[in-house]
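Two complexes are shown next, each including chain A; its partner changes from chain B in the first to chain C in the second.
Right after this comes the complex of A and B.
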């Protein structure tokens, strides 16, 4: 296209440009073919994955699985369903997002709107980057140290004065660190995409900077906040290592104390990911049909979140700033 | 200049200053939390490191029996055993992560180039959500696919009776292998790379690409010489993030790589690929129930410390690699 737009400045007897460009060399054509192949392979892989679990899901998912709790046993009928793990997934991701969202938005607002002193901003940026790169198993072990310490011990299960540091609180708090970098980077991107004249217009009306952030910038960046939240929730739901370490040992809710909700939060339990891990041939339960069914449900949740992210991104693209 | 002007015109009030301080405190809290993590984990890991010195990273004897001895010594107060030589675990981690990241890097670069420059619109609209979906599938689901599909495939079709007999008495070859781990991990980290690479490629100024096309260079070469070269900071960032993800992957690898801590030996010929191994992170998962015995606890935290420091080093390496690229005016 750009070739056509070049002004032809040299009239004269030159060889007519028969082809617009010379034929590609063999190596270039092979490269393009490889790129095509790999691109199609990616699609095929995702298709195969979804199809595989769809088939297994239709084969093994029964409504009763959603309504019964796991129970010890050696056959598929005796081991029950995954009601508690499913509720556990929701509970743990609710706790994690309840912690990660406010902190993440706060950090993102500070980084994009304030960012002074500059040294702290640089440190904060690399901190977020480091948290994103920290293996979740290390976060889990750190969580054990935090939550078995006397100061935070009241948040988790204990017997005869010994605190185990394992509870929904502990798992949720550590999982919030998994979601935090995603929330921060998405919210920040959304805030930085808003042009300065929007801020200046708000200042001109006498709004303070904080009021501008809260009433103008954050509402405008809502699709990005939503994207960050959903991406974070996706990671939280999919994480297994933290669950194994900080929540493991019991498949059903094992409450600690007598206050209704608090006892559950302080107690242990499990999530769908742990249920799959437990029921895989390598796990202790070894009930493949249950593992397939739970994995199917998990995949459907992730798919739903993905569709949500898609809609949110499309909405944020629709909102364009004239600059 | 514009920046300063903007700052001067901001209306400030006391409540505003308070808000800034609050947010600043929040940021400091997150920073302190990260520093605290380093301090706590290293403090817990210290006994294991100080007993073993540099031989912690060396290779001597069987790691599994060393871990067993460490665990057994937990009950006898004052006679704790700390001897631990983690080379097989480190070697296993290096092989799995290195293999997966190398393969994923090459594939992702091609796929990212394809998505950004060459794919027809219809295919691009399919590929972008597909990449995002693959990146967000929980690792345990990939592990399940590995256990049910890949491991039996390797165990039944790739491993012959002869090769099983050749290593009899040392390890059993049953499909739980390095190859399975690398294959699944590649599928896991490639989408992460593709997503970040294609973001970088999209940010390359259009004019630069068109200038090169205008000089008569074909599109394939242009994309590699101009596009990929300009997007190098994003490529580094994506590789670092994907490597960190691979390094920390514990559950999936513990499902498909086997349960013995064996260091696959390249001298074994092609059997090397189907030998079992157990990376560092999976080792923590395997022994997590023994966390209450003090020597075991310190050993597990030492493994975690090695992972944490490698992740930190990786992060720093990425930053250092990006520095010389900043001159070329590319977006980070």
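Right after this comes the complex of A and C.
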């Protein structure tokens, strides 16, 4: 009965919002306009960049570029394509990620789940921050120091006790340091976003900390692991300094030894970034059309990675606990 | 003007309709509904019939002592949370821990499977036994397989329904049992939690896509899969809607035959509906322990009467 006799005094139709709120102050309005303008400006910049390289890319990218190797010459037809640099990019980022991913996940798990003693955790944290802030050319110089030492001579070419110190191994190892901080921070963020009651739920079923981390936490943080890996790979693919210094910067693979894959890894080569650098109007090669084509391919790879990151983070947002 | 709390969720149908006889008026099981200020209305009249949907009348005939807390005190740093509490936990009965926020209910519950130890600055005295063995001497992981727990927030793991339950059964050994070998046990646990019929054969459904109530029952299924002796429930319904609450309450009452059930609840009506024994805690102390009927109707302690009547809390 009471349901039918609800109070009749329903609120009238709402006044339009504009009429309710007082007008903004001038400074706020100016601020809003500036924010809009800047936002549009950045969109335009990004759009122009992609569009420009799209146009240039379509103009200059030929299937043959993907299939032929760089060769010395003065004309566009004589200088060949970028097969080896492209493979070099893949190879060097595979090595770098193969090193950075397990170490990064391990460090992130330790920082987020164990982190004891606290002093050590703080040291580890600031070490990673320091690596993240180190310019890659500095890492490259340090890498030369490291990989020219006789103890690590087996990773690159050496003759009569003199270690060359430049190889895919050396470059990949130093590039893993470029990717490491991104992997660590993303995985850590993903782990720390998991509410504590989820951990406790696993402990309350008689599971050890290790089993909990391995079977519950890391699978739950998988989107973050993916994000870290892709952001890290993006940085590795984009790096040039370490390639110039540590990969030997030979435009084609210069193998060392006779074992099939090992000889390539111990040998020198280059990547797409170095290829662009070399063929840019200021570079030695000076084949701008080739540089544009390679830059376009590079941009597409990085864009694809960004889309991947986007999908991963979106998925992580969909399946969550109420906290 | 009468202050009315919403009426309790009541069984609509029931194969186990052994509820207490309904009182004359539309029933609020516990007096809090009638605590209208002066408080000496019907709350102080011990004879006032408690009405509403008790899930059944008597406790099951076989009640076995499973756990025993003896002079248990727990403190976080300097702050005491539980102060020399002694009480038994029996299989065949549901024990409800009630009391205002911060009275130590949850701490008491968590110390029963040593989850309190996850907190570094916790200190404890007194002892807890499980089947006459001091739990401090047990391996925590072994203990927690025998005394499992369900939390306030439904927290299924981000994997399939099947894997959520199978996770419990998979030992941390190098050789993981095959999926087919676990199927029976998983289905059994889901059936005990009343989830199997709803899910049918779709056990590969992502657990986090289930509804809140189903998620919580999955958590119960998970906790049952370990085949525990004691099941701890920390406000299992506080994040759920009334319908899911009702389903879970029915489940709790059914489960008490096989496991000793301890439930922490803020909801007095829920305690009245599901519990055989109720422990009222206040400021870390166990103020009163008794059967649900006795505690809600004829409490010995003044504090209990006031709390049950809804005068503070």
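By definition in this document, the second predicted complex is superposed on the first by the 293 of 323 C-alpha atoms of A that agree within 3 Å, B and C clash if a C-alpha of one lies under 4 Å from a C-alpha of the other, contacts with A are read in each partner's own complex, and residues count from 1 in each chain.
The definition used in the following text is that a residue touches a chain if its C-beta (ideal position, glycine included) is under 8 Å from a C-beta of that chain, and two chains touch if they have at least 3 such contacts.
None of the values given here were measured: they were computed from a predicted structure.
J.: Does chain B (first) or chain C (second) touch A:259, or do both, or does neither?
T.: Neither partner.
J.: Touch test for A:219: chain B only (first), chain C only (second), both, or neither?
T.: second
J.: Output check: A:200 vs chain B and chain C. Expected answer is one of first, second, both, neither. What do you get?
T.: both
J.: Looking at the overlay, what does A:273 touch: chain B (first), chain C (second), both, or neither?
T.: So A:273 only meets chain B here.
J.: State whether A:78 touches chain B only (first), chain C only (second), both chains, or neither.
T.: neither
J.: For the overlaid complexes, name the partner, chain B or chain C, with more touching residues on chain A.
T.: Ranking chain B and chain C by residues of chain A touched puts B first.
J.: Under the stated touch criterion, which partner chain does A:208 make contact with: chain B (first), chain C (second), both, or neither?
T.: both
J.: Once the structures are superposed on A, label A:107 by its partner contacts, choosing first (chain B), second (chain C), both or neither.
T.: Only chain B; A:107 stays clear of chain C.
J.: Give me the intersection of chain A's contacts with chain B and its contacts with chain C, in residue numbers.
T.: Chain A residues touching both partners: 200, 203, 206-208, 210.
J.: For chain C, which residues count as touching chain A in their complex?
T.: By the definition above, chain C touches chain A via 113, 115, 118, 141-146, 148-149, 151-155, 157-159, 167-168, 170, 172, 206, 208-209, 212, 219, 222-223, 226, 232, 239.
J.: What residues of chain B sit close enough to touch chain A in their complex?
T.: Touching chain A: residues 2, 6, 9-13, 15-16, 19-20, 22-24, 26-28, 30-31, 33-34, 37, 40-41, 44, 107, 110-111, 113-115, 118-119, 123, 126-127, 129-134, 136-141, 143-145, 147-149, 187, 190-191, 194, 210, 213-214, 216, 218, 220-221, 240-241, 244, 247-251, 254-255, 259, 281, 284-285, 288, 291, 300-301, 304, 307-308, 311-312, 314-315, 319 of chain B.
J.: Which residues of chain A touch chain B in their complex?
T.: Answer in residue numbers: 2-3, 6, 21-22, 24, 28, 31-32, 34-36, 38-39, 42-43, 45-46, 49-50, 52-53, 103, 106-107, 109-111, 114, 120, 123-124, 126-139, 141-142, 144-146, 177, 180, 196, 199-200, 203, 206-210, 231, 234-235, 237-241, 244-245, 248, 273, 276-277, 280-282, 288, 291-292, 295, 298-299, 302-303, 305-306, 309-310.
J.: Can you tell me which positions in chain A touch chain C when the two form their complex?
T.: Residues 195, 197-198, 200-208, 210-211, 215-216, 219-220, 319-323.
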